[in-house]
Structures are given as structure tokens and as C-alpha cells.
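Down below are the structures I want you to see.
After this come two complexes, each holding subunit A, first together with subunit B and then together with subunit C.
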Partner chain A sequence: MTAIDSRPTSSPAEVQGVGSGRRGSVRSVVVGTMLTLLLLPFVPLVLASLADGYFYPQVVPERWSTRAWAIVLDPDGRTWAALRDTVGIAVVVMIVSLVVAVPAGRVLGTRRFRGKRVIELLLLSPVLVPTIAVALGIHVVFLRLGLAGGVAGVVLVHLIPATPYVVLLSAGVFANAELELEAQARALGASWWQARRHVTLRLIAPGLAVAALFGFLISWGQYVLTLVIGGGRVVTLPILLFATASGGDAAVTAATALFHGLPAIVLLVATTRVLGGAGLATFGGAR
Partner chain B sequence: MHTRIRGAIPLLLLALVSTACGAADATGDVTREGSSIDPGDWEDVLAAADGTTLDLYMWGGSAEINRFVDEVYGPRLSGFGITLNRVPLADTADAVNAVLAELEAGRTSGGAVDLIWINGENFATMRQADALLSGWAEQLPNAALVDWTDPAIAFDAGRPVDGAESPWGSAQFQFVYDTARTDPTQLPRSYAELADWIVDNPGRFTYPAPPAFHGTRFVKQWFYELAGGPDPWVDGFDEDAYVQAAAPLWDLLDDLRPHLWRGGETYPNDIADLDRLFANGEVDLTFTQLPAGIGANVDAGTLPPTARPFVFDTGAIADHHYLAIPVNAGDPAAAMVFADLVLEPELQAAKLDPANGWGDGLAIAIDRLDDGQATTLDTIVRGLGDTAVDQDRLAEVRLPDSLGEHTQALEHDWNRFIRQRRPRS
Partner chain C sequence: MGDRSVLHTRARRALRHESVRTWAALTPAVTLVLTLFGGAVVLALVRSFGLLGTDPSARPSLDAYRRLLVDPEVGRSLLLTLHVAVVSSTLAVVLGIGAALLLRGLGRGRRLTTTLFQLNLPVPHVIGAVAILSLLGQSGLLSRAATRIGMIDEPASFPALVFDPYAIGIIVQYVWKEVPFVGIVALAILHSTGDDLEEAARTLGATSWQRLRHVTLPLLLPGVLSAAVIVFAFTFGTFEVPLLLGSSFPAVLPVLAHQRYTDVDLASRPEAMAISAVITLLVLAVVVAGTTLARRTVRQDAA
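Right, the complex of A and B next:
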């Protein structure tokens, strides 16, 4: 006797409920697996960050300590200033790259024109060329311009890897948006601005949110570019993390890594929940 | 549709330019007067330093040392009106490169780096590039507490210091074993004994790959033992003599390779990696450079509580680490105030005490202190306990560092003969 057979006879409404529940359970298994795979690597980090001497062959630390977290979360420590700078830089990078990406993405996603492939290739070039090779050259230029060693220079240099991603994602969003609805709105008497605001923006908002998130996270994770252009003066969380990791204090390194990793994960999970897959579904090749 | 594209590009440029303008404003106040500060007129230095921010570039791998710098020196600097900005580095060479890049780009004043925690090769690199202020260190008020006649202070890796860096502390190479695993009577007490020990304990020993600091030190001491002690190698560089003297070392290291951890196929990157292997029981020995011992490492949990340091009877290289000011430092006065501050006897004492997180050796001479200060130091030394080697013992086995040319040659040859050469047929 199967589990289904044992259910009492259901009303049509309940049957429908069971059906969607089954689809829901498949979905939650998939989402659950993905979240597990995403979060599992953090388990050893959590253990290490709370351990007082975590050595082989201990599977779980024998002695616990909040020493590492006390150092990382110390109100007078460097972490909070680094968090502020990392968030600030990432938000500006996200906004600037979006400002570039929305018009550029619309054209690249919806129009066909001569040289489009070349432009797409050019857009990808910062992603293809090794960052460090570019960074050292840019550093000399930025030093001459007085941009090295400051937050503004770091923002500018983060835009190099961030903008192409955001533009290409944005192109995908526009390619899959039903932009014909714009014309329909205009035909029904909406002004150019009203059509953009009430129709286009609604269509592209979820996809753009994901593109923006990419821009944010690319800036969030930069180490080499920040180190070279910031010259050590701009201390973001990755800079702190690498300096800590070079010392071999596993507990403090783990706590710093979690401090750096968790906001990104939270943001990612939150965005996925808000979008409910709608945002991801808007991606695909350009038409 | 072409107009759309053209529309997007100016937008991009506009965005870039507007951020660039913001940047120019932000860096405008950083540029200040050149480095014409005279440490002989200390009142003048203090006045120039008041209200500045000290950008101290230092290796940031030890949370305890970082905390010590922020919490012990930070408030004292505030007393002089100086804000401490400790820039954490994964590698001191990053600071060296930052300064050299600035100089290359024509930025001869108002540079980002005010002070670097430095010694050895990084110091040599910066001196060769003429990138350090010189002649200031011996003029600091507290330089009177430093024994500048001691060649271990006046020479950094065989290179005259010339007042281009001021000592911060001292270090001495020691081995570390675990009493829970190794019987102290079985420990090697010389490199000759270590060679036998490695063969008897296959896979239980390795060392950081030179040019990692501790790895180079380890190899250099072995070289000393095989090549007639440090004396021939401290002054001039005679390539033929060096090559001849080093040959037995490369033969021996090559022969021992299969008995090392992972058959000598790979080596730890640095001392942090070796400490991790040691703490996880993969190897039985690690190293430390802290004269006051490994108490801080044990407190931090990076070494097990049963770990103990020891030295070979055949000697242990001792040296100093320093603070240096780039020629284009934005705030050289603040840098001098810091270099002077760290020599204060009470702060040298605090740094020596592992309970404060460090356990670093002294940069000042005890016989130049008053009785009260000397007693404080003595009390700390007596309280060091099992996690430190007896200080008299350390003094007994103290060896000088070699000339920098020998260090570079050893690093270069190790890479050629040991790391790159495939196992002999």
C-alpha cells in the first residue's frame, strides 16, 4: 500500500493542492540541494572559526573559543571600516555599471547592426585578459592621474570587470522582454516616459536586479585590482582576508572569510527568493 | 540605431570622468610638503607630525601582532595628534613595489607609504633603488638606547643600515617540537644529527621553500655548519669560494629529498603552512623566530600547548627587523615619531611579553636602561617558562646573518638545484 493510497478521498480543490504540493516538493528538493551544496563548504569554516586549536585528527573541535570572532567583530577593529568601504565601493560600482548597462543592453539585446559581434567581443575582453596584466599598467596611469591609492580609483578599476558582465546580462534581459508592449502602451495613449516607466521597467526589473547583483558581487570579491590600485590604502574585506590568511591563524582567517562570504550569500539567497526564478528565466540568448 | 550606441558611449565616458573628478578631489589633500624633516630638531618633528595620519605598511598575517600595534601603539600616537592607519599586507614586497611604482611614475613626494616594517632583501631592494630616507634613524631621541656599534644592528643582511631604518625588534631562529610526540632526548642537536633524524623519520620533516624567510634561514644555517661557520660569509662575496663550499649542501639536500614530507615533491610556502602541518601532526618539527618563545602562538591556537622551542648546539642566526621611511613618504615626521615610540623601554617590554600577543626580541640594549626598566624586562624574561628557550642559551648559540649576496645565491641555487632538478637517476 503506497502512501498516496492511504490518503482519505480528496475534494477537487485538495487534489489540486496535492498536485502543486508535489511540484513544490520537487522544487524544494532541487532548491534544497542547491542551497546545501552552496552552504556545505561553510560548515568547516564555522567550526574552524569557533575552535581553540583545531588540529587533525579532530573532526569537530575539542575546545571552543570565541577569540577569533571577538577579534573580527571588535568594534575598534578593522573589519567594520572594511565592511563599510567594501559595501560603498560595490554599491557605486553596481549603480555606475547599471547606468551604462541599461541603454547598452537594450541596443545589444534588441537591435541587429554592423559590428555588433565586434562590440560584444570588445565587451568581453576585460573578462578574457588576465586582470593582473591590466592592473599593473593601469596603476602607472592612475599614479600619474592621481587616482591610485584612493577609493575613486578603486571604483573605476572595479568597473572594468563589472561592466561587461552587467551589460551582457542586461542585453539578455532586453532580448527576452516583450518590448512590443511599449508600442502597445504608446498606442493606448501613454507618453514615452509613462511607457518606459510603467511597462519597460516592469518587464526588465527582475532581470536587471540580477544583473545589478552581479555587478555588486564582482566588486565585492576583487582582491588584485583593489590591492594594486588601492596600494594598500583602500582596505576592503578581501584585502583583510588575504592579509589574515597569510598568517596561518586558521580561526581568525575562517571568521574573516565568513564575514566576507556571508553577506554575499545572504544577498544571493534573498534575491533568488524575491525573484522566485522569474529573473533567471528572463535570461537566454539574444533574439 | 547607431545613434543609440553613440549615446551609450558618452554616457560611459561621463560616468568615468565624473568619478575621476571626485577622485582628484579626494587625493588633493594627501599631497603635502616634501620630506625635508630634520630629526635633529625633535620639537620640529613633533610639530610637523601633529594632525597627520601615519600610513604604516606591515605584514598583517598575525591577528595578535595587529592587535598589539593597533591597541598599544595606536593610543600613544593619538597623544601626539597622529592617527595610525595600519595597512595590512600579505607580503612586505607589496609595499616595496607600491613605493617603487610611485617613484617610477614620478611621484617623488606625498607618497602613500609613510613607514614599512622591513629587513633583509626588501631593505636591500629599496636601498639599491635609492628609495629610502637615510641618516635619520641614529638621530631619534631613543636611538641612544640602541647599540648602534653592534654589527647585528648596524648591518642588515650584511648591508650597512646607514640610518635608513630604525630597529623595532630582534629575532633568532629556533626549532619547535611537540612533547606529546617527540622525546626531547631524541631531538637532533645539529644539522649533522638532523640529517640522520630525517632518514630515521621518513616523511616527518620539511621546511618552507626559500625564498620564504624561514626556509632561507634554515638552509643558510645548514650551509654555515658545512662551510666552516658564519665568519667566511659575513663580509665579502667570493663566488668561487661560495660555489665550492655550497656543493656538499646541495648534494646532501638532494640525497635527503626522498625522506622529506611528500618525498620532497613539494614544500610549504611559508612558516604559516609549516606550522599548520606541524599542528596537524603531519610533520614533527617547525620553526620560530621569536626570542621570547611560542607562548602567543599557543594562546592563539596555531601551535599545540605541548609545543616547545629548542636550538641546535651548532648555532642559531639572530637578526633585527626594522622600520624604514620611503623617500617620497607623505608624512615622514609621523613615521619618525612612530619609529622613536617603539623604542620606549616600557613598549619594548610589552612587546617582549608573549602574554601581550607577540614575544618579539628587544631592539634596545639592556645596559642602557635604568634599574627600574631593566627589572621589568628581567621579570618578563623570568616568567617566560617552557614555551621559550632560556635567554642565556639563545645568547650562547647566537650567529650573525650572512652578507645579502650569499642569501641571494643560496636562494637562487636552492631553486635551481633542489626545487627544479628532478630526482637523480
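Right, the complex of A and C next:
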């Protein structure tokens, strides 16, 4: 919704503050420390995943090994099966939430009407109410409907947090798009379909791509809903990671964690490149 | 006269048409959320009154809530959950604002720095928890480093930062994950408002502290308050992070709810539902209070 502008500021005082003197270097040190702390938790994961017998108190492993990665990347192993289910569920969640959310997002982003605030609050509440409450509440009904323990049930519950986010994101996309261009195209003789296809879609496509990615990532990282509704029979990557973490092989756990985390990071960075740094603040809510 | 009333009718018809189209566009999303989410919350509530359980002839009662009230474990859980949520959202907000102010002033390399700053935003929480465990656990990286430089001589002498009664590991994970979130929200606000007001204050002779206190922070407040509400709701209600990094007694309320739900004694299930209902109500209360406060600060600014 909010674009992060990455041009350097032109304020003379700030240029001074950065360019010269002690304040600039203090700032660099503080920023460096902050980034180090933010990236630090990934370091033991990388080290442990590549270590051969990572015994205490080795900081840097004395011997290296690709054993853990061989287990994680084994074509017949559990990871690929989990990846297939995770991607399958996330893609369906992404498509359904996009289809449901885009019309609602357009209305919420461009029109004023009575009851708008109520609708916005309703759509925001699944984001705020603890997921465990939703999961436990819905479990019994899903058991009776035969939806518990299956992929269909998991897709349905993933839609609960995904849809609101995609609606709110697309509302922002439509609010910022210059939709008057659609009316202008109509005035210049374009048909309804041509105007939608060649004008509106072009305007909103990048933003909607971010919204879709967001729906995907929410499903990608979902744990509680999958645990309770999948009942251990739907093994997505978060479920597999948790099981591995309780299993005791630190190297395999670390490699599984990286295997699960890296695609999310790559997807985000790739999208921000395409979008020129727009829409990043919205990712903050990715739960 | 006649022309006018025709126009009137047409305008009204157009308006009604518009309103029908508005609600038609909203229907799929609203239906989905109302059915699945609304249904789940209502069912949790109904079951917390002892209904829809194993005994079909049960009458609605507040027994589950009464049991929670006298259960000392629940009280300790509630305190722990509040402690975790308050401490981690406060730290995340303060550090997030600080980070945004720092990043805004960067010249060269700001693009790369900002990208690195938000790298952990899309990382699922389970991974964050595993990572924090491998960093802060008693055989984790920090403990190893401390042994190497001779500060301690065995894992057990390293302070308990995970599975500890103060939930330090959980709080560190939340702060680690939420500082970039608050920071990016604050950074977005700073960019959309520009620095004209701060420049004006500077020209009028305000010191840098006065500018921060009376110009920048009030600009940030409403937006950051909304972000804080989201962070609080999240840190209050998350399950997987305390499950991996917390002690099991006392556990935070979401974990306690799950423990009661999966208890062999099915009679504990209404208690699980009652805990769910209580967390939901508490979070919603904080959300309402926070958003009201945010709107009031906006109005004060406008006045």
C-alpha cells in the first residue's frame, strides 16, 4: 500500500550528517549492528546445516558435510513431498483468495458507502483474532463434515487469514491506481472489455501480483491451522520442520528450516525488484 | 417539473444500482469470512458453554469459565502471556521507530540496507523460532562463543534464554520479527509526509530533540499505533513460537488452550474453548482501544 521511496533525501542537513563528521560514522556503526543482529539468527542455521559433527563448543564447524542437505534434498525423502503439498495448497489458496478478494478490494478501495467501516473491521478481524481460537472452534465441524485430516479442509482454513490480507492489499492497489484512465478509454471508444483488459489490468497487475504473492506466503508459513485441521496427516513444510525440530537431528532441522525459509525470501526480494521497491510495508503482516 | 422528477427517479435508480453492485462485489469475500471465521468463533463460544460436546443433552453452563477462574495455572498463563505481549510489542515499537529514523537518514547504500532490514519479514515464524533456538539455546551459537572466549566452561553455565520462566527466547523472536515490520511502517509514513515540517521547525530554531519530540513522533503516532495493535494481537495469540521456545509450565494461553484441547480427558475441551474465547475478547478489546486512540490522535493533530 505504501511505497518505499529509495531516493536519497535532499535535505541539506541530512546530507551533511551522512557525508561528514562523527554523526555519520556513528549512524553507520549503529545501522551495521542492527543489520548484523537481524541477520545473526540465520548464521547458526547455515553453520549447523553444513557441519559434520557440530560438537560443543565449536563455533565454526571443524569438519564440513553435505549429509543433512543430502537427506533434505533426497528425491524420495519427506521434504519434496511436503514441498509439493505446501505449494499445492498455497497456490489454490492464492487463486481462490484473489478471485474472491479483487472485486471486494476494488469496491473498498474506490467507493464510499454506508457500512464500509463495518466491512473493513470484519475483514480485518481474522488477522487479529488468535489463530488457535479459530482452529479449535472450526475443528469439530470439520471432523463431522469429513474435512479434518485432508488437504481440502486445510485449504479452506488457510483462506481465513489469506483472504482478508488479499482484500486489504487489493483495496490499496485500487485506491492508488489512476482508474479515471478506464473512463477515458471508454470515452475514446474502447469497449468495456477493451478498457478493462488494456487499461485497468495494466494499472493494477503489479499490485495484484504482490497481493497474490502475499496470499501464497500466508499459506506457505501457516502452522497452527494446518496442525489442528490437518491432524498430522497433511504434512506441509512448517509441520515437517516442527517435527524435525522435535526429532533431534540439528543439522537436518537447520537444513529443513533454510529450505523452507529461502523461497519466501527469494520471492519477496524478486518481487520488490520487479515493483521497484513498492508495497513492502504490507509484507510486515505476513504471518 | 416533469423533467425534474424523471431525472430524480433516474438518479435514484442509478444510486440503487450502484449500491447493489457494491454489495454484490463484496459478497464473496464477506461470505467466506463470515462463514469460516465467524462460524469458528461462534462455535468456540458455544462449545465453551459446554454445548455440542460428547453429551448431546448438556445444558449451557458457565462451568468451564468457573474452572478457569479457580485454576492457578490459568492465572499464571495469563500473566505470562500479557508479559510477553506487552514487553515484545513495546520493544518492537521503540526499536522499530529508531530503526526507521536511522534508515531515513542514510545516503549511499540505503536501498541495499532497507532490503536487508526487511529480509526476515516473509520468513515463517516456525523458522524464526528454530533459528533463535540455535542462537540462544544452551548449546547454541552464543553459548559456544562464550565458551570459546572463556566466559563459561559448559553449556549448563550459559543463562537459560529459552524454555525460561521470563520467556526471553519468545520475546527475542518476536522483537526480531516485528522490528522490521514497525520500522517499514514508520519509514513509509516518514516518506509520505516528507521532511517539510521538520525543516520548518529547524528554521524556527528547534533543537533536534525538540523536532523529534514535537514534530516527528506526533506524525508517526497514529500509524505506528495501528502497527503496535497488530503486533500486540499477534504476540498475544501466537502458538508455534512459544511452543518451540517456551517452557511448558506455565505456558502462554494459546499453548494452554491447545494442551487442554488435546487432553485425554475430553471434559477439558470446554475449557480450551473458554480460553480461546477469553484470548479473542482480550485481543479485540486491545484492538478497539488502540484504534480509538489512534483515531483520536489523528483528530487532535487535525485540530
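Keep in mind that, in the parts below, the second predicted complex is superposed on the first by the 232 of 287 C-alpha atoms of A that agree within 3 Å, B and C clash if a C-alpha of one lies under 4 Å from a C-alpha of the other, contacts with A are read in each partner's own complex, and residues count from 1 in each chain.
Rule of thumb we're sticking to: contacts are C-beta pairs under 8 Å (C-beta built on N, C-alpha and C of every residue); 3 or more make two chains touch, one makes a residue touch a chain.
Nothing here was measured: the structure is a model prediction, and the numbers come from that model.
Participant: Touching A:245, do we find subunit B (first), subunit C (second), both, or neither?
Facilitator: both
Participant: After the superposition on A, what does A:140 contact: first (subunit B), second (subunit C), both or neither?
Facilitator: It touches subunit B and subunit C both.
Participant: Output check: A:261 vs subunit B and subunit C. Expected answer is one of first, second, both, neither. What do you get?
Facilitator: Once the two structures are laid over each other on A, A:261 reaches subunit C alone.
Participant: So, A:131: does it touch subunit B (first), subunit C (second), both, or neither?
Facilitator: second
Participant: Just checking: does A:231 make contact with subunit B only, subunit C only, both, or neither of them? Give me first, second, both or neither.
Facilitator: A:231 contacts subunit B only, not subunit C.
Participant: For A:56 in the superposed arrangement: first (subunit B), second (subunit C), both or neither?
Facilitator: Touch status of A:56: both partners.
Participant: Spot which of subunit B and subunit C makes contact with more residues of subunit A, would you?
Facilitator: Of subunit B and subunit C, the partner in contact with more residues of subunit A is C.
Participant: In the overlay, answer first, second, both or neither for which of subunit B and subunit C A:173 touches.
Facilitator: neither
Participant: Return first, second, both or neither, reflecting whether A:104 touches subunit B, subunit C, both chains, or no partner chain.
Facilitator: A:104 sits against subunit B and subunit C alike.
Participant: A:89 in the overlay: touching subunit B, subunit C, both, or neither? Say first, second, both or neither.
Facilitator: Once the two structures are laid over each other on A, A:89 reaches no partner at all.
Participant: Where on subunit A do subunit B and subunit C both make contact?
Facilitator: Touching subunit B in the first complex and subunit C in the second, residues 56-57, 99-100, 103-104, 106-107, 111, 113, 119, 139-140, 156, 159, 163, 242, 245, 250 of subunit A appear in both lists.
Participant: For subunit C, which residues count as touching subunit A in their complex?
Facilitator: 18-19, 22, 24-26, 28-30, 32-34, 36-37, 39-45, 47, 52, 99, 102-108, 110-111, 113-128, 130-135, 139-141, 143-145, 147-148, 155, 176, 179-182, 184-185, 187-189, 191-192, 195, 199, 202, 227, 229-230, 233-234, 236-240, 243-244, 254, 257-258, 261, 272-273, 276-277, 279-280, 283-284, 287
Participant: In the complex of these two chains, what residues of subunit A are touching subunit B?
Facilitator: Where subunit A meets subunit B, its residues are 51-57, 65, 67-68, 71, 76-78, 92, 96, 99-100, 103-104, 106-107, 111, 113, 119, 139-140, 143-153, 155-156, 159, 163, 227, 231-233, 235, 239-240, 242-252.
Participant: Once bound in the complex, which stretches of subunit B touch subunit A?
Facilitator: 1-2, 4-5, 7-8, 11-12, 15-16, 19-20, 22-24, 26-28, 30-31, 55, 57, 59-64, 66-67, 70-71, 85-91, 94-95, 98, 101-102, 104-107, 112-113, 270-273, 275-276, 279-282, 300-302, 304-305
Participant: Name, in rising order, each residue of subunit A that touches subunit C in their complex.
Facilitator: Against subunit C, the touching part of subunit A is residues 2-6, 8-9, 11, 13-15, 17-19, 27, 30-31, 34-35, 37-45, 47-48, 56-59, 99-101, 103-104, 106-108, 111, 113, 119, 122-123, 125-141, 156-157, 159-160, 163-164, 167, 217, 220-224, 228, 238, 241-242, 245, 250, 253-254, 257, 260-261, 264-265, 267-269, 272, 277, 280-281, 283-287.
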